[in-house]
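Common to both upcoming complexes is chain A, partnered first by chain B, then by chain C.
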Partner chain A sequence: MRGLADLYLQQLKTGVASMLQYRATLLIWLIGNILEPLIYLVVWSTVSRSIGGSVGGYGARDFAAYYIVLMLVNQVSFTWVMYEFDYRIREGAFSAVLLHPVHPIHADIAENLSSKVVSLPFIVAAAAGLTAVFHPAFKLTLGMVAAFVPALALAFLVRFLVDWTVALAAFWTTRVTAINQIHFMAVLFFSGQIAPLTVLPRPLQVVATVLPFRWTVGFPVELVLGRLTRAQVLTGFAAQGAWLLAAALLLKFAWRVSVKKYSAVGA
Partner chain B sequence: MRLLRLLWVFLRVGVMGEAAYPANFLAHLLDSALELGTALAGLALIFAHTATLGGWRSDELVALVGVYFLVGGVIGLVIQPGMEQLTESVRDGTLDFTLTKPEDAQLLVSVWRVEIWKMIDVGLGFVVLAISLTRLGERVGIPQAAAFAAALIAGGVIVYSFWLILATTAFWLVRVENILVIFQSVYEAGRWPVSIYPGWLRFALTFLVPVAFAITVPAQALAGRLTWGVLLGAAGFAAVLFVAARVFWRTGIRHYSSASS
Partner chain C sequence: MDIAPAIRLRDLKKTYVVSERESGLRAALASLIHRRKTEVRAVDGITFDLAPGEIVGFLGPNGAGKTTTLKMLSGLLHPTSGEVSVLSYVPWKRDRAFLRQITLVMGQRNQLVWDIPAADSFELNRAIYRIPPADYRSTLDELIALLELEPLLAKPVRNLSLGERMKCEIAAALLHRPGVVFLDEPTIGLDVTMQRRIRTFIAEYNRRTGATVLLTSHYMADVEALCKRVIVIHHGKLLFDGELADLVQRFTAHKTIVVQLKDCAADLRAYGEVVSCEDGRLTLRVPKAETARVTEQILAELPVIDLTVEDPPIEEVIEHVFARGAA
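The block that comes next holds the complex of A and B.
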């Protein structure tokens, strides 16, 4: 356990140093992660203003609050492992990683966290700027903020494990872009990014409850905005826990069968 | 029409290069179809709640998505690959070779790389436009079609000049490929009419990253909502930007010292 902690500390340090070198890449991700919620914020507040009321329980200023928080949550939980995996396997760069004595996911988590550490001040500044522009209707309570922290941590873990498992598809096919695209679509619609889940048609809401994506983005957002009843909050934590377990088992199994497929192209 | 002749040659070379990988066609078709499906599903979701978005009806926004795919396809087909190659050549000094050719160098670097699969996006854009036209029906007559064509050409010239200016900065800044990627990520904001954005963002999307002229203005023409003032403004801006890009390119070339010197 101590060894693992040392590993994380070291990876975090080198990760932060390397992120500061590749500032432009960081900036590109940041622009994307700010722009997308901003676009949907504008679209949905336009809709709610044009019908002169609320959509799925959200008025214009509620949408502003929803998407500003979503921007922060998404920034914490998003990953780019699928793009990384595509490159690693196509170019044979995975050979060296496989020789490491620890599971490669730890280095990936540490790298992801170090990038988040570097980008956090910028995303918080963006959130403050958008708050000044759009006058969101926040009503945060201490209890909700306290529950938000573990929900966010679980959201990060579940999303990381799910993304990592899906990214293993790169071991099986060199055409992962279609898989990534379908995964991206599922996240967009079922995580609460394209619209808050109460805005979706009823059947899609049911599907979203069963899939993991809602619990990695939409749930922490609705939680901290006080939109969930106590029972819904408990259900959400249960779903996060169940998905964490399921994703961990799935990942373990998928990793075992996938790594055997690796033929080290280019090595 | 040296431009068309050259473009035709490079398109043929592009097709020949990729014809060896026919399975790629299906893969790219699937990618583009999924992206289009996402865009249309998003519209369906929004118009389940409202009849208009910022004054645009659903058929008109479908037309806008068509323009988005069409223009995005053209950018991905020739403009982006060519400009990326340009920054690359400036960095490693292979631009020397291009400059010695008898053809105008700006013309050459504008069409010398073709990402042929983006033809699929162009095609899908046309299909979406055609479908939305049948639904917009009689409201689109000859004048609207002519205004649409003019706005589309002006928008294309603006986007091309903008990319050329960005890529030309490579003569001084050397590593600019990231600036080009940023344009790509901001282009997505053009999937919605810029009129719905707040003033500061609308300004940025009109003049800093000109997606408004490339997408919203042509779509406005189809919706019959384009005023003469906007169309003339777009044409004027296109002319100014084109000349500015040309002048900037000439200055850049003079500044180019080649990698080996």
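The block that comes next holds the complex of A and C.
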């Protein structure tokens, strides 16, 4: 355990040092992460105002609150491992990783966390700025914030494990970009990014409940905004727990099969 | 008493299935429906042992199956058939204890983190291999001294020259003091001085740690300096396994006779193939079996100032071996 903690610490240091080498890239990436929720915020606020104040239970200031929190949650749970895998397999860089006497997911989690350590202050500042401009309707309670922390941690873990498992597709096809695209569309729709899920038609809401994506973005957001009943909160945690377990098992299996495949066809 | 080999291969085979198609749009469309698959035998039944502490040169032309073999030995590739054992482990099972005791350095791939100083990558490897701090410190100091790394440690890896980067790559790969070292073209693209430094270092590392080293290189100087024994493969098959000197003996049909005369006036074509003549220094190529007779004849018939009989350069021998293997 101490060895693993040491590994995480070193990977975090290395990750932060690498991130800081590319300040311009970091800035562009941050602007993207802020712009996307901002666009949805503006669109949905405008829609709700134009049709008399509310869409799916959200007024203009509710949308502002939703998207400002979503920006923070998405920042925490977002991963880009698919692109990494695509590159690693195409360039044969995976061999070096496979020679290490440790599971490669640890390095990826640590690297992901390190980028967040660097970018989070900027995102928090952006959230403060948007709060000043859009006057969101926050009704935060201490209990909700306390429940939000584990929900956010689980959201990160579930999303990481799911994304990492999907990224293993790179072992099977050299054109993994198409799979990534489908995955991202699914995330966009069913996680609550394109619109709060209660705004979507009922059938889509049902689909979203079954898929993992909602529990990695929308659930923590709705939770902290006090939009969920106690039962819904408990259901949410149960869903996160179930997905964590399912994703971990799936990952373990998929990893074993993928490495076997990799070592059969060569690097 | 027999010592268990550090590396043991028995009838090792690796066959790749590759899809192929002809050029052009029609073939591209056809390949959508039906892909023609062919089998490529990259390694075709190789057997050898390496004793602990040996440095062995693993030679063969491009595409002979050297890298595929090294990948099977380091656990990156699953063999199609045959047996492999490295330090009594089955490599492709990728046991953590096994991975902690080996290293694979590929001259054309880098493992260091590109954007940060090499020292930080070393520290990361310490954590990955769980090297105890005291061991880490002493090994690192030793590597810094042997490879003269001190001035390079603080520079981001991307700012290092190819040779400097290679030295850092090698240091990173050896921090955990592996007992088995696979080196795939470690001196590729480096200048002569840097090649020599890396060679000296490999020999020194082997002497100090008793590590078993399997080395591929296209530079015969590497092989001559480091390896008493060489294994030659071609088209995935073993062509030769033995001492470098025997390879030269076995595969050279010719010897070179260098005769020092007063000038280049004499016509020596009757004695053998004249390779060159400069300031009376004449180089003659003769069939090996004829060497003694021709030497005697030259000494008897010509005003010789000096005469030496040499084996052809090792590059020439290897070229000859490859050509025979291809035939």
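To be clear about the criterion, the second predicted complex is superposed on the first by the 262 of 267 C-alpha atoms of A that agree within 3 Å, B and C clash if a C-alpha of one lies under 4 Å from a C-alpha of the other, contacts with A are read in each partner's own complex, and residues count from 1 in each chain.
What we mean here is this: contacts are C-beta pairs under 8 Å (C-beta built on N, C-alpha and C of every residue); 3 or more make two chains touch, one makes a residue touch a chain.
Values in this document were obtained by computation on a predicted structure and should not be read as measured data.
After superposition onto chain A, partners chain B and chain C are found to sit side by side with no clash. In the superposed model, A:V55 makes contact with chain B only, not with chain C. When both complexes are overlaid on chain A, the residue A:A125 reaches neither chain B nor chain C. By the touch criterion defined above, A:S95 reaches chain C but does not reach chain B. In the superposed pair of complexes, A:L27 makes contact with chain B only, with no contact to chain C. Of the two partner chains placed around the shared chain by superposition, neither chain B nor chain C is touched by A:V117. Legend: residue contacts after superposition of the two complexes on their common chain; A:L249 is shown touching neither chain B nor chain C. With both structures placed on the common chain, the touch criterion links A:L188 to chain B but leaves chain C unconnected.
The least CA distance from chain B to chain C in the superposed model is 6 Å. Interface residues of chain B facing chain A in the complex, by the touch rule stated above, are 27, 30-31, 34-35, 37-38, 41-42, 45-46, 48-50, 52-54, 178, 181-182, 185-186, 188-189, 191-192, 196-198, 200-201.
Every residue of chain A that touches chain B in the complex is listed here, in rising order: 24-25, 27-28, 31-32, 35-36, 38-39, 42-44, 46-47, 50-51, 55-56, 133, 175, 177-178, 181-182, 185, 188-189, 194-195, 199-201. Considering their complex, residues 3, 6-7, 9-11, 13-14, 17-18, 21-22, 92-93, 95-96, 98-102, 259-260, 263-267 of chain A touch chain C. Those residues of chain C lying in contact with chain A across their complex are 16-17, 68, 71, 74-78, 92, 94, 96-97, 99-100, 102-104, 106, 109, 111, 113-116, 120-121, 123-124, 126-130, 156.
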